[in-house]
Structure formats: C-alpha cells, structure tokens
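Each of the next two complexes has chain A plus one more chain, namely chain B in the first and chain C in the second.
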Partner chain A sequence: MKKIHLVIERDLRSMMQQKSILVMRWFFAIVQIGIFGLAISRIVTVMQNYYTYYAMGVIVMTMYSVAIFTGYEIYDENDDGYTEYLLSIPLTRKELVIGRSLAGGIRSLLFMAPIIAGFMYLIGIADPLRVGMALVALFGFTFGVSGLSITLAVGLRSGDKFDIIMGALDAFIVRLSSALYPQTFMPKPIAILSQFNPLTYASDLFRWSLNFNTQYLANPTTAVIVLVLFLTTFNVCGVLIYERSLEGGTWR
Partner chain B sequence: MHAVVAVIEHDLRVFFKYRFTMAGLISMNLADLLIMAVVYTRMVSFNYFQFLAPGVTATGLFAAAFVIGREVNMETRRGYNQYLLSLPLRRYELVLGRMTAGGLRGMIYAIPLLVLAMFILKFPTLSQFGAMLFAMYLLSMGISGLAISLAVALRSFEKFTTARSLLYLLLIFCSTVFYPLAVLRQILPGSLILFAQLNPLSAVADLIRGYLIGAPPVTTQSWTELLSFSCVFILGGAGLYRIAIERSVK
Partner chain C sequence: MPEYAPESFLRIGRMFQVAIVKIVGLTKRYGQNLAVDHLNLEAQEKEILGILGPNGAGKSSTLLMLSTIIKPTEGTAEVGGYDIRANPYKVREMIGIAFQEPKLFWFNTPWQILNWHGKVCGIRNPRQATERMLKELNLWEARNKYAHELSGGMKKRVEVGKIMIQRPKVAIVDEPTAQIDVAGKYQIWDMIRSLRDEGSTILLATNELGEADRLSDRVAIVYRGRLRVLDTPRNLKDSIPGGDVIDVRTENPIRDETLHQVKQISGVVELSLVKPSHLRIYLNRAEKMLPRIMSCLNDLAVDIASINMKEPTLDDVFFHYTGEVLEEADEPDSATP
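Right after this comes the complex of A and B.
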C-alpha cells in the first residue's frame, strides 16, 4: 500500500510541473462553459436549463482529457528510455499500474476541484451526500480512463498507431456520448453508439448526483454498473499488458 | 523563383510527415460536423449542420496553417537556422517560400472540407469558387505569418504552445464559426464583440456561407477585414522571421 502511495505521490508531483498544460486545460474548460456553452444554450430550443446540462458535461469531459494524459506520459517515458529506471525500483508491476491509474484519477479530480466547487456553489448544491456521490462518480470514471490510457500506451508500440488512436478517441468519445447533448435528441445510430460509451454514464451519473432533471439522463443503476465494469476491465488489462510488455525489454 | 519553389517543395514534403497529427485533426473536424452538428440540428431552431459546414472549413484551415509555427519554433531552438542560412538562397526567397508554403499547407488540408461543405450546401459558380479559394488562401497566409511571428518571438516551446492554445481558443470561440454574430451579441461584452467581428475566421466562415447559402451576404467590409488582417500578419511575420533567423545564429 505504501508503495502505491509513493507512485501516486510521484505522479502528482509530475503533474504540478506541467503548469502551462494545466492552466490551458482550465482556460479551455472556462471558455467552453463561458462562451460556447452560453452561446449554444441561447439557440437550443428543445430543453430548458441546457446551459447547466452542458456545463456538467464539460467538467466530466475535461476530467477525461486530464486522465488520458497518463497514457501520453507513459508513452514518453518509453520513448525516453525512462522505463529501465522504473523497472529497477522495488515495486511490482501491479503496484506500478494501479498506483498510476489511481494517480490519474486523483489528479483529474484535484485539477478540476476549483471548477467543480465553483460550479456547485453557483447552482446551489451544498448537500454533502450529493457532493460526495458526484465526486465518487467522477473519480471512478477517471480511474478507469487512466487504466484505459495505460493499456493503450503499453499495448500499442507504434507511435503512429498511438497518435491516431488517441486522436480518434479524443474526437469521437466525447461527441458520441451524452457529455454535450442528451441521448433523447440523438439520431438512432449515434444514440446506440453512445450507449456503449462510459463517458455517457459518467456524465449522466454526475448530473444525477447533482439533481439534474432525470428525464434526460441514463438510469443511474446502469451507470454505476457500467462504470465499475469499465474501471475493473481496463485496470486489469493495464496490469496484464504492462507486465507482459515489460518483460525482456519488449516495450522498446 | 526556382529557390522559392524549392523551399515550398521542402515544406510541403515536411507537411506530409505530420500525417498522423493531421489524421487526428481531420477526425476532430469530421466529428464536429457529422456528429455534433447533426445532433444540434435536432435541438436548435435552424439547420445547424448547414451552418457549421463552412465554419469547420475555416477552423481546419486555421489549424493546418498554424503547423508551420511549430516547425519554425523547433528550428529556432535546435539551431537548424544555421543550416537554412547556409543554403544558396536570398533571405527574402527563404521567407517568401516558407510563408507561401504555410499558406498552401492550410489550403491542402481545407479544400476537401470546402468540397464537403459544397456537397452539403450547394455548388457555387466558378467565380464564387475562385473567390472562396482566394479568401481561404489569404487567411491561410495570414495565419502562417501569425504562427511564424509567435514561433520566433517566443523561443521556449512551452511558451509557444501556451500562446498557440490561447490564440486558438480566442480565435475559434470568439468568432462566428459555431454560432451567428447575433447570438454572440447577447452574451459577450462590447470589446469581445468587436474582436469577433474583426476576427478573420469569422470573415472567412461568413464569406463561404455567403457564397454557398446567401446568408450573411458577402460584403466589401468582410473582404476589407480579411485583406487587412492578412496584410498585417503576412508582412509582420515575414519581417520578424527575417530578423529572427539572422539573430538566432549570432
């Protein structure tokens, strides 16, 4: 447990060194909520309170992109030959992967904490139970996303493949989910695809925790089940693939 | 002239090395148009899909034309400028070649998006098509100039990428790419409205809309704004690059 704690601490410190990236992601979330969200909610005519719906989606979306950053770091470490150093540390592979996934989740949460707190204050959510549920939903999701990004970073050895998959993931996962718009208004093919997307359930569970109109949200029980499956699957895959790819220097 | 062509050829070859970055960018643009715009069309009171198609062309052009800034910044940091200065080229040929190549790279990326917009909206006359290409090339050259100016002014890669992202957010979101100006007037303060009106991305997106759907109408003002922006940044970028490339090896 102490070793996992050390991995988490190291990853948190490394996040703090990337100040400009962090500030830019904040600025991006603020511009999305403060300009795009406000503007688009003026032209949306089919639902009330779309602005709040959208802002909640942007929060989850930004946390997703911070969590996926773990994969880029691991990829860069492989590229820079830093993996040899990590292998020399008295840690099991399992501790390393779990520690890094947990750190990915924690840093996403810490990173967005001021925006989440400000948003909850603005919409008047003060019930500790609801706040707690919302944070647990977000942490569970980002923990799973970190596992996914680690799985991809160690599973795809070609830089080109990694770039393409990450680019496509960024572009399609967000748009094929209910992060930006409810499933009710999606054309059938898009709605079907969004049902297989964990971002849909994370966004809707977050909204449900904050008391948003349930008419536009996925069933919360289904959302919890999907998120638990998601984070378990990708962390187990991450551990297995990481262990296999590290042996004998095959990550090179 | 031969030297300028050689520089352009070199930069176009390098551009295709970024094909994987470009694939990510294309995914983003297509996802915006074919998924996000399709859903929003069912949620707003007008055809958002048709509205966004020209906007996506303008954002794609902007992103692709900006890539040259990343290269120039890297060259400045890594001392590659010494090699460039040792080539049997006049300074103005090098600068002209790079700016022209930057503009062409934006066009190579954005023309398929324009064709897609034409399929979605309508096919213009030949003169309208020519006018759209000219407007896009002006924007592309202006953006390349802006990117080169930033790349040489901010030598640190971190500062450059931060400035690039800030500019990207301001230029894309404070423009008429995603929403009409009337909507922005309801939410932004006066200074940002003025910025959105003068924003060259707004000018190009609205010019393409004007030629393909007739609204907003194409005005002399849009062309004047676009020409002014392009002239300032093409000349500014060229001047700064010329000074910086010499200073960088001293």
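Right after this comes the complex of A and C.
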C-alpha cells in the first residue's frame, strides 16, 4: 500500500478540476440550510432545535452526494479507456480501490470543510475532541460510500443501469434515513428500514459528536459498528470486484 | 544491435541472449470470438520485436494480457521470470505500455500525466524527467492544456512519453506513430531505438510495414491469433521464393489463362493473385525477366494499369505466409532516418 498516496493525490486533483459540479452542490447545501431549513424549522414545532438537526442532516447528505461521485468518475474513465491505463501501472488493485475510496472521503471532507466550519462556529462547538469525532464519523461514512460507488460502478457493467441504481439509491437512502427527520417521528415500516441505512448512523453519529439531544439519535456504539462494517464491506467488495471483474477484462 | 552486423553474427549473438518475455500457449476468447489462439512467442533481452498483423489479428489482446490488464483464457506468459497470472504486480513493475489509443483522462494536462506516471513508476526526479520529456516531445508549450484540448498527434506523443519517462525493462508500444506526422515518426523511432540501446526490450505492435521493417530486430507475423513466422526482417524477405517481385496491376480481372501462361515462363517461381486485378510474380533476376513477362501479357491482350519491379518487402512476406495483403497506411518516404 506504499503508493496509495499517489492514487489519493490524483483523485483530489480531479475534484479540483471539476469545479462546476462542486459549486452546484455547494449551492444546494447552502440553499437547503439557509432557506429551506429556516422555513421548515418554523413549521416543525414538535421538536426542539429542528433547524440544527436539519442542517446537520443536509451536511451529511451533501457529503454523500460528493462521495458517490467516484463511481461516476469510474464510468467516465471506462468511456475514455482510462481504466486500462490504471490497470497497467504498478499499483495493486487494493491500492487503487482503497486509495480511491480514501480520496472520496477526503475530498468530501475538504469540499464541505468551509460549511462544516461555519456551522460549528454558529452552533458554538469548539471542543477539539467533539470536532474530531464529528469529522471521523463523516470521513468513515464517505469512505464507505466511495467504496459502495466503486463496487456498483465496476459491478454494473452498463452505464444506464448505474445511473438508474444511483438515482434510486439517492432517492431512497435519504428518505429512508434519519438524515432529515428522527426515527421516532417516522411511520413504523420506514423506521425499521432506516435502521439498515448507513446514512442514519452517519447522521446520528455526527449529531451525537456535536452534542445534539441524544433522545432523537441512534445509539452511538451501534452507529460506530454499523459504519465500520459498512466501509469495510464495500471496500473489500470493491477490491474483489476490481480483481475479478476488471482484471478479467470483462468490462470491455 | 547495430544494423551493419552480419546476419550470422546476429544469429550467434541471439543464441546467448535470454528470453525476457516467454509466451506459452496464450489464448484469449471473447465469447465465441477467438482473439488469440495458443500463441507461442519469445522476446529476447534488448531487442525490438515487431509484432506485425492486421487489425483483429490478436496483437492488442496479446499485449493487454502481457500487461496484466486482461487475463488469458488459457496458457500463460512470463515477463522477466514472473508469471502474468501468478505475479501480476511484479510484471507491472517491469512493463510499460503505450496504448494504441492514448489513455489520457480529459481533465489532466500533459505535465500532470507524465509527472504522475513517473511517480507511480518510481522514477527518480519525476519533475525533472517530465520537463525533459515534454521538451523532447515538443509538448512544452502545451504542458498546461487539458488532454481534451490536445490534437490527436499531441495526445499520441504524451502516450509515448509515458514509457519514455518510465524506461521500463519491457516496453510495449502499440502502433506508436499512428496519427503522427513524418518528422514526429522519425523522432519517436529514434526514442524507441534509444530505449532498446539502454537495455529495454521493446514489443512493437504495428500494422505499418515500414515501421516494423525499420525498427525491428526481429518480426513476428501474427495472423488470426497465431504466430505464422518469426525472424529478422532480412531473413523473412530472403524466405520469399525467387528473391525478386514484380507486381502487375491490370484494368480488368486477370483470367486463369493469363496465370497459366505466366507460370510457364522459365524463371517464374511463384504467382499470387493479390486481388482480381493485381498479380504478384515471384522470380529470379526480375530485370532480365521483365521484357518476357511484358511480351507474354501483351500477347494475351492484358490491359496493364501498372507494373512495378521491387525487392521483397514485409508486405510480400506477410502475403506469402498468410495469403492476405496487409495494407500499408500513412507510410513516410523511404529515406532511412
């Protein structure tokens, strides 16, 4: 794994060169928090401090959408024939997949860093331990999401299928999670489904780290376990699929 | 090896050379399509081995398997003693490939591409090497342009620049001068030769006969996934019956009667109908035979479009061993650089 930093470097550079997409997502997060969040939090009266809850959820959601971007890049690379180049250079498949997943996590954090910093300032969180825990939670989640997107991009050989699955996942993963509303207010079937959703645990762990009211949150220990399982599973799957599917030449 | 070395000397020299690439029964099947069919081939250390064949002959699939990008269906190969199936990472450490179609991601610049490639391949001073290579390839002015802004020739030069910066033990170059102007071709040929002279083994896949002839120490003719013949360009040309070739192109399809009459001329060794109106005659002492052939064709009222007397080329070799013509495209003038 000695060349993993080079894979990360390449992916970070690629993010910096796709500014328009990133700016659009930034706008989305700012508008959601600054306009929609303010309005909706006035309507929601059954829960104290819903605005903060909502803003934290939007931050995690946006990070999810940046992390998932790695899968789209892999599709672009396949179209350009660039995958063959990546497979020909002296990098192990592990370095390639883990490096790209780590890069997905790092760039999500970098991308959202100004918004996270501004948000923490506004809610008055300055404790380095809490800040550190929150960032680790976000990084762990986006590391796993990047692994998931790599697994899907490589596993699904059709670009159309990938688009459909990602669109569906994007729609359901947010709605069937506690990103925007706590589990206690969900209809029972949705609350049950949300317990199998890593976004639920990432959002709640982030809130817990920033000292949000624990009565609305999942158990932090469970959240840590789920996130570790999530990131491990999909990164291992990504490596296996890269080795078995791509190296076999079946993507061609 | 120097071009002036006698053939017998080269042959003896090769007996003591070590095969750095050994391909044994290599086979690749895509569904029902057999791309590479139990290919056996060896490349010696410090040689340029031209792999000549038309599109679809299995050249690129073979090179992709050697580079561990795709897995063989059957058989295997060794690069520097490492099996491509068992030790793909070790193989990738020894091998570098310049693809037929440049593999450049659109948001990268030539500087970023070569610098990153150098770092991944573990070369010393990648920045310095990148600067030198960009200048050598006349890409310095374009170093900060995105890949999608580069012309086809520039992209190809960046692609070739990857192996030039890497200086791998085994370099694979797949049609390195396609889309490149004549001056650029000579420059890239010189760079490939210098790589060989420094100790690299070059596997040169091409369907350009002139390129294979000028660059290769040995040429392997691959056709329908199989090796047809492997030898030096000189030996391959000498293997053509007769030693001289006359190409006759006619206005109308050539009749069987014409073929029969020409075949009867003493000194004609072999005939091949390349196309219905293109006859290739293999013979001895073509300059003396030409008037008799012309006379025979006139007697048979054949409308001659052109007649061309020449020494055998790799095109003739290819035709001799496969029965098909390898069309030569974008061939620069015959002056040796």
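One rule holds in what follows: the second predicted complex is superposed on the first by the 249 of 252 C-alpha atoms of A that agree within 3 Å, B and C clash if a C-alpha of one lies under 4 Å from a C-alpha of the other, contacts with A are read in each partner's own complex, and residues count from 1 in each chain.
Following the convention adopted for this analysis, a residue touches a chain if its C-beta (ideal position, glycine included) is under 8 Å from a C-beta of that chain, and two chains touch if they have at least 3 such contacts.
Note that the structure is a prediction, hence the values are computed from the model and not measured.
Trainee: Which partner does A:Pro90 contact after superposing on A: first (chain B), second (chain C), both, neither?
Mentor: In the superposition, A:Pro90 touches chain C alone.
Trainee: Scan A:Tyr121 for contacts with chain B and chain C and give back first, second, both or neither.
Mentor: In the superposed model, A:Tyr121 contacts neither chain B nor chain C.
Trainee: Examine A:Ser14 and indicate which partner it touches, taking first as chain B and second as chain C; both and neither are also allowed.
Mentor: The answer is second: A:Ser14 touches chain C but not chain B.
Trainee: Between chain B (first) and chain C (second), which, if any, makes contact with A:Phe196: first, second, both or neither?
Mentor: neither
Trainee: For chain A, which side has the bigger count of touched residues, chain B or chain C?
Mentor: B
Trainee: In the superposed arrangement, which partner chain does A:Leu6 touch: chain B (first), chain C (second), both, or neither?
Mentor: It touches chain C, and chain B stays clear.
Trainee: Check whether A:Ala171 is in contact with chain B, with chain C, with both or with neither, and answer first, second, both or neither.
Mentor: Only chain B; A:Ala171 stays clear of chain C.
Trainee: Considering the complex alone, what residue numbers of chain B touch chain A?
Mentor: These residues of chain B touch chain A: 20-21, 23-25, 27-28, 30-32, 35-36, 38-40, 42-46, 48, 158-159, 161-162, 165-166, 169, 173-174, 178-179, 183-184, 186-188.
Trainee: For the complex, give me every residue of chain A touching chain B.
Mentor: Touch residues, chain A against chain B: 20, 23-24, 27-28, 31-32, 35-36, 38-40, 42-47, 50, 160, 163-164, 166-168, 170-172, 174-176, 180-181, 185-187, 190.
Trainee: Which of the residues in chain A come into contact with chain C in the complex?
Mentor: 3, 6, 9-10, 13-14, 17-18, 76-77, 80-82, 84-85, 87-92, 247-249, 252
Trainee: Note which residues of chain C are touching chain A in the complex, please.
Mentor: Touching chain A from chain C are residues 28, 30, 64, 67-71, 88-89, 92-93, 95, 97, 99, 101, 103-108, 112, 116-117, 119-122.
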